[in-house]
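Labels A, B, C, D, E and F are assigned to the chains in the order they are written; within every chain, residues are numbered from 1.
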Amino acid sequence: MSQPSMIWSAVDFERDGKQVDYLRLPHSSDLSAYGWIPIPLIVIRNGTGPTLLLTAGTHGDEYEGQIALIRLVQELAAERVNGRVIVAPALNFPAVMAGRRVSPLDDGNLNRLFPGRAAGSPTQMLAHYVDSVLFPMADAVIDLHSGGRSLDYLPLALAHPGRTPEHAAHVRELIEAFGAPVSVLTDGSGGGGATTLYARAAERGIPALTTELGGGATLSPDGLAVAETGLRRVLAHYGIVPGMAETGPSGTRLMRSLGRAAAVYAPESGLFQPSVAVGARVTAGQEAGRIFFPDSPMREPVTLTFPASGMVSCRRFPTLTARGDCLFNLMDDC
Amino acid sequence: MSQPSMIWSAVDFERDGKQVDYLRLPHSSDLSAYGWIPIPLIVIRNGTGPTLLLTAGTHGDEYEGQIALIRLVQELAAERVNGRVIVAPALNFPAVMAGRRVSPLDDGNLNRLFPGRAAGSPTQMLAHYVDSVLFPMADAVIDLHSGGRSLDYLPLALAHPGRTPEHAAHVRELIEAFGAPVSVLTDGSGGGGATTLYARAAERGIPALTTELGGGATLSPDGLAVAETGLRRVLAHYGIVPGMAETGPSGTRLMRSLGRAAAVYAPESGLFQPSVAVGARVTAGQEAGRIFFPDSPMREPVTLTFPASGMVSCRRFPTLTARGDCLFNLMDDC
Amino acid sequence: MSQPSMIWSAVDFERDGKQVDYLRLPHSSDLSAYGWIPIPLIVIRNGTGPTLLLTAGTHGDEYEGQIALIRLVQELAAERVNGRVIVAPALNFPAVMAGRRVSPLDDGNLNRLFPGRAAGSPTQMLAHYVDSVLFPMADAVIDLHSGGRSLDYLPLALAHPGRTPEHAAHVRELIEAFGAPVSVLTDGSGGGGATTLYARAAERGIPALTTELGGGATLSPDGLAVAETGLRRVLAHYGIVPGMAETGPSGTRLMRSLGRAAAVYAPESGLFQPSVAVGARVTAGQEAGRIFFPDSPMREPVTLTFPASGMVSCRRFPTLTARGDCLFNLMDDC
Amino acid sequence: MSQPSMIWSAVDFERDGKQVDYLRLPHSSDLSAYGWIPIPLIVIRNGTGPTLLLTAGTHGDEYEGQIALIRLVQELAAERVNGRVIVAPALNFPAVMAGRRVSPLDDGNLNRLFPGRAAGSPTQMLAHYVDSVLFPMADAVIDLHSGGRSLDYLPLALAHPGRTPEHAAHVRELIEAFGAPVSVLTDGSGGGGATTLYARAAERGIPALTTELGGGATLSPDGLAVAETGLRRVLAHYGIVPGMAETGPSGTRLMRSLGRAAAVYAPESGLFQPSVAVGARVTAGQEAGRIFFPDSPMREPVTLTFPASGMVSCRRFPTLTARGDCLFNLMDDC
Amino acid sequence: MSQPSMIWSAVDFERDGKQVDYLRLPHSSDLSAYGWIPIPLIVIRNGTGPTLLLTAGTHGDEYEGQIALIRLVQELAAERVNGRVIVAPALNFPAVMAGRRVSPLDDGNLNRLFPGRAAGSPTQMLAHYVDSVLFPMADAVIDLHSGGRSLDYLPLALAHPGRTPEHAAHVRELIEAFGAPVSVLTDGSGGGGATTLYARAAERGIPALTTELGGGATLSPDGLAVAETGLRRVLAHYGIVPGMAETGPSGTRLMRSLGRAAAVYAPESGLFQPSVAVGARVTAGQEAGRIFFPDSPMREPVTLTFPASGMVSCRRFPTLTARGDCLFNLMDDC
Amino acid sequence: MSQPSMIWSAVDFERDGKQVDYLRLPHSSDLSAYGWIPIPLIVIRNGTGPTLLLTAGTHGDEYEGQIALIRLVQELAAERVNGRVIVAPALNFPAVMAGRRVSPLDDGNLNRLFPGRAAGSPTQMLAHYVDSVLFPMADAVIDLHSGGRSLDYLPLALAHPGRTPEHAAHVRELIEAFGAPVSVLTDGSGGGGATTLYARAAERGIPALTTELGGGATLSPDGLAVAETGLRRVLAHYGIVPGMAETGPSGTRLMRSLGRAAAVYAPESGLFQPSVAVGARVTAGQEAGRIFFPDSPMREPVTLTFPASGMVSCRRFPTLTARGDCLFNLMDDC
């Protein structure tokens, strides 16, 4: 438990300036006995302000956050900073290079493995490093996700509500500062529960936010804009980069996830034709979609309905579906 | 060369009525010594009219055509038919079940293997069957494609211009009958050249059409509508299902592909951010997109420009790209 | 340790009637971010009698139990039941669909992973659910196995002898009720030891039985009959389905496993020709088989002998063998 | 076409004595630039009699023939021979070592690739060698098969009827000499057609026989006895090893395959329960088996019937089946 | 933690004589339900002297130690022994047979998994057996390594310095007895840290040594000689085989590893051209090598320099390199 | 046969100057419908002199040639050239990037597939392009090889002797100009025969040379020097870059390969300990090496002898060997 991480870096987190190196994750393989996996890490520090931890590429096939963070670290000069920004724009680096949700080294889904293990598989070691080394330095955490290959998501932010009234207030402050068009409070039901990066940060009492900014393993211009605006607003709000953006009220629409009880799951394997798009408001009993059967073309399609009323936060992106796949999630105003 | 196909079926192509069976492709494997791959086949025949060959799932991850054909064969009663409709809605069946462009059995891209081989790999045997058994029965061929996992396509139809003036006229008639919003004449440059299903049909002098109806391995409602309307118009126009749709002029916009000389290819591997969407009109020299580098976040992004003026027919869909990937294709009015 | 299972179900175990749903095992993959693996689950409940937990497909390539349980749940109306029957006829579902002993998702052998882990791999999560959720509800457990692809087994039942005299008596009662032709007491030596489903149930003090009903990944009509008769006898004996079968003494022959000290293991890799069949009575020193060498056909075959006397309970099924493979296990009368 | 084989051997086919070497199949791989695959080859030559070519392991998971030929070459002293015996007991050697029907090097099914290619994949090169080098030396060919992993077969011999009356007489002579309990004339329909080893030998006018001696990737003692008796009878009959066995009439029962029109194929994927065993006589319309659905246990099983009357020559061995798998083949008396 | 190992053996460690068997590691797989992996084990015991544990093949692609130990156990008669020698010349047996650093069964690097797990993956189970069963019997441990496929190493011995002054003295005694040309004290930094076999033995207070004897997955005659001489000297020194070699001072050159701070790691992926060879003395700032870019041949090569002065203990062997690979390690005199 | 290549390039072979682009090999895959594989190509042309074709990376794990050609194209300014130099330093590009002898796309060994196929697999298409497009432009061809992962080679040049006296003279001129320490005449026996790049060039009547410059997938400084000196001498000799090197007699030692009859092949699988090094002169009957058995450590090693006298040109590099692997090749003075 108290075993220290074997991941290291040439970065000195206490030094002022912009440092660029890697999280060096030892991986002793057939072709590299003493080598390490180079996970890009940028630390920009100046003055005495708070520390913001920014990550993307936790799932390798989600891109808005990766590009937003790359642009941010290229733009941000150390002199403008008052505090510290720790940025890992391609956190599960092997997954990023493979364009996959999970790491090709160990099939590890980094956002399902927290708090990780110091002496586990590469992805477990990475979760453990984030939890045991980076979180203790962070005053706030933003982990930028999108729908990835399997989901299409309305651009929004997500957060666990907070463990104490004080923590809840800090979470609300972060949500408001980020200012996504929609911000959703959730307990992780139907998603990764307590095993995600942001849920673990929340468990440690850190204000933490995640996002969903598009999907389908492509790039959403709208989602990218939400990420870039939100990051600037947060940096400005906390005084880390004063004046980087306006910091007034964002008018984000506060909603809550309706969880797995309101989700639509595929009852059969086949081709999924959705009847509604993300952002639609639906009513319990309304047609959600149909499933066709390419191996048995004369078989009647199966019609699906919504089990609850609400607004569609995401839908399955690929047409080919298997029994048990999530087809729709719903949310509603708080 | 003159070797007969080993693929067989319980269908009698000369019998009236609606028959549902499989193309039975022998595949002698560890787990099935005498088994065959069941490729769904529906033949609807009545009276003495022409024969239309309709295929989808030539690439397994392209869905608008698959669903359009499944709905068509479910709806179409034999009595309404005057002629013959041969339908294979999931032609490269192993690829369809895997949700992949190519077959998992032999990595075979069915739309790059025509005219195929009687004693080749499963996908080669299938191309050979289509070419040697189905094409000789067909008066017209429509093979419904979309962009699949790697491309995002403006909904449109494509055809080779025709080998003789008479053939060209028949091709134009089919294009006009199908009535896609845009119809593109091409020689296959930058795509599959002479090795595609529709190019091979054209080489045999058959009026043949293919489509692109969306992409990203998801379902485009607009693309599905283009497919369904087009199929009905064609069935009505040729008198196979009289009155199934209006048959007047479709007003399709006739364009020509600008080929690989006007295409944009990735000069580096990285994350591709497109600057324009499909359907946009662009000018030579205009910014086409940028490539970011997730392994080297401080490296300046590479900016790409269009080598010619025209309208964007398709763009790369996944953000992750490798040097040599096609990022944009252009077309222009004839 | 006390972490709750993430597996869920729409079944209410306390509701009367026949409910059909799935154990929903969350598995967040490239192609399904929020999806679950659908493990069929049938719960039939009525009145106040005891609870019987019935499982098959713990190894995916063992079939008599799977078919016996499918037939049972189709036949059994809730009204006939007095108590509760919980049935999972394809427990390691990914392994069942792959026709493999182990799961293709994590190479997990479900019958070697008890008591499992709440936050482990899919197969570990499944073992943990069975142990932490299903076992506490069960008054008796029957897990139906066969030899699978690698073994040929005489149809028989197996049980750990019991941890206390009372438990031992309950085990004997269950054995007698099931009434296999042969019933074997074992400590798991040479097999899965304490890591199997039924060994774990026994460790919890539940009367638990497993079976071996054939092998070779095919279906034994005799083994299927043993399963079906045994299940009916047990349901009748415990009063859960009164009168479903005669419940008098079954006359099962009680034997004991001779363990790994009496087993024959392959001393070389090659082609195994057994000299005796399952059910044969053999004497220490008797020829057990020979190993031929397909890569070195002129090499003399190696002759094997039995290290002990007894009756052959199982033999290796595939001819191709590797050093260390188990070729024969023996048992003897108690 | 007339390209010579690249396969070589240290054996001199024209030298007297018992020579043991390999067919040396060049395979230039990552780990062996100049290496070859060592396919065991034994040539026993003496005097001036005819040449018999004996092969097994054409499919790697069929064992009776492999063991019968290993025992034969160990027993047979050159002095007893009058003529030449060429023996390859593990012909598709990579498949034999992998215990698979097909080669792991190229997924090649050696019994579907005749006449092969001199510059093809390893399995194609091997077929070409057998066809272009071994067949021209052979006066008769026996290729010993069994059902392998996917089939359970009644022990029997199979032959193509012969291309001319003279060839047909020679085929009948070989069948009678081998003396399997049942001998079946076939044109290969439903099996490998013209692409098999023995079909190719027959096309060259050589009397050629194949066998089926059991199945399931295990060893049938009865099948092994049929192989050993048959080989001895043939060697004696042709005077190659005079007196090795009695050579009178064998009383083999001559039957004919009913081909694919009489076969039962799986209409659905699921668990196959056969209703009859190999060797059973069945009537058109009789129940052949049932298919259960492990993913949908409440779905009614599908019942199958025989499309013709005859005797069951083989059935599918594994319980798990996919649509298109062959479940039963039938034969009938000539 | 206190769970006993499931690995067993027919060897009786307390019996006099030379015993040859296997560590029998249970591995229940699709093709072997009750089988075990046969890890060769030789125990030679006589009289009352100390116990020496000798291992090689901990990484499967390192060969000098494997051959040295095979030759030793063939030569060593029990009568010559005064004490006990426990030898496992191919410890991670699946890795040895695959010629890989890690096991193909679970990708397990045995020298990164100590202290292992009793109920873990095969490689974890093996580490646990060595730690919990073999170490408690050992008075000294020698684990023979080489550079393997990815490194080229100067022949040398390595040891952790010792946990107490007494332990340190014992370590020095073992180093001196073995007498490699160079002996290096290290804390494992830049290598396997505390997770290696010899580090774990040291942690238990056992004098323990490892070696590096060449590399590149080939055999170094010099390295083999170092291993053979060292083993004989140790056996003689401890009186286990008196007189097997001279036992005077070896004159080994005692050095210390400079750890990862002095290592050169690849800053880019490409083709690595080293500027110096192993054994060279280098100065901080000196050119270490260059990296060329095969995908971009016109790109200027990157030049690397040493970050410290010292002697090169190892260099990367393969030319193809990836960012993060270790290119050079340095050591210096104590 | 006369089908044109689908590979294209932006290079104009007839234009003066230094052009850098790719051979663009179309490969339509799941992730890139219209993409191509970028094989680096540099063409340097000026004036009217002869054309030299230079290739490396034909096998991806052979490095001296790759680095020599990268350095050459970086150094060579177009103005210095009198004629044309066509350079592909990483010819089988997918194999180069994978560090493998064969392409990971199709397991294609480019140096065993000539003359290739226009519509074949990627590696076949590449062979066809070299043969049909590049060879017709070339006055001389040099394809730079080394031993790769599986061989250790004495640095030398190899050539087929020539098809006519005139061709033979041109070959001798090229050999002499290149001036390797040793130059070997061969017919390809024991290697790739007529299917190699340089054998095909020779068949077309072009003077063609290949090299072997080291091995083991690492970089030989001596081999690199031989390549660089040889290339400069050839460019100078033919007047393409006058004065680039001295062009007098090189004093290369002319030898001939003794072919496969003089080779040593592994008679068993195990660990290979060579008794002699490359360059050694050996006598028929002399000990060549031994094979140890890691799975059976007490088995006596097998001793190997040379079947002929000569000088060792190469030996197997990896210690782990399989029956059939080439352990030594011999050559002798002409």
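In the analysis below, a residue touches a chain if its C-beta (ideal position, glycine included) is under 8 Å from a C-beta of that chain, and two chains touch if they have at least 3 such contacts.
Predicted, not measured: the structure shown is a model, and the values here were computed from it.
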**Chain labels contacting chain A and also chain E** = C
**Prompt:** Quick check: more C-beta contact pairs in A-B or B-D?
**Reply:** A-B
**Item:** Chain centre separation in whole Å, for chain F relative to chain D (CA means)
**Value:** 42
**Residue list for chain A, restricted to those that touch at least two other chains** = 31, 38, 61, 99, 295, 318, 323
**Request:** Could you draw the chains as nodes, link the ones that touch, and say if you get a line, ring, star, complete or other?
**Result:** other
**Request:** Chain pairs that touch, all of them, please.
**Result:** A-B, A-C, A-E, B-D, B-F, C-D, C-E, D-F, E-F
**Complete:** In the complex, chain E touches chain F at residues 20, 38, 40, 42, 57, 61, 63, 66-67, 69-71, 73-74, 89-90, 93, 96-97, 99, 152, 216-219, 224, 271-274, 292-298, 300-301, 317-320
**Prompt:** Where on chain D is chain F touching in the complex?
**Reply:** 6, 8, 22, 24, 28-38, 119
**Message:** Residue numbers of chain E touching chain A in their complex, please.
**Reply:** 61, 100-102, 109, 111-112, 147-151, 190-193, 195, 260, 263, 265, 318, 322-326, 329
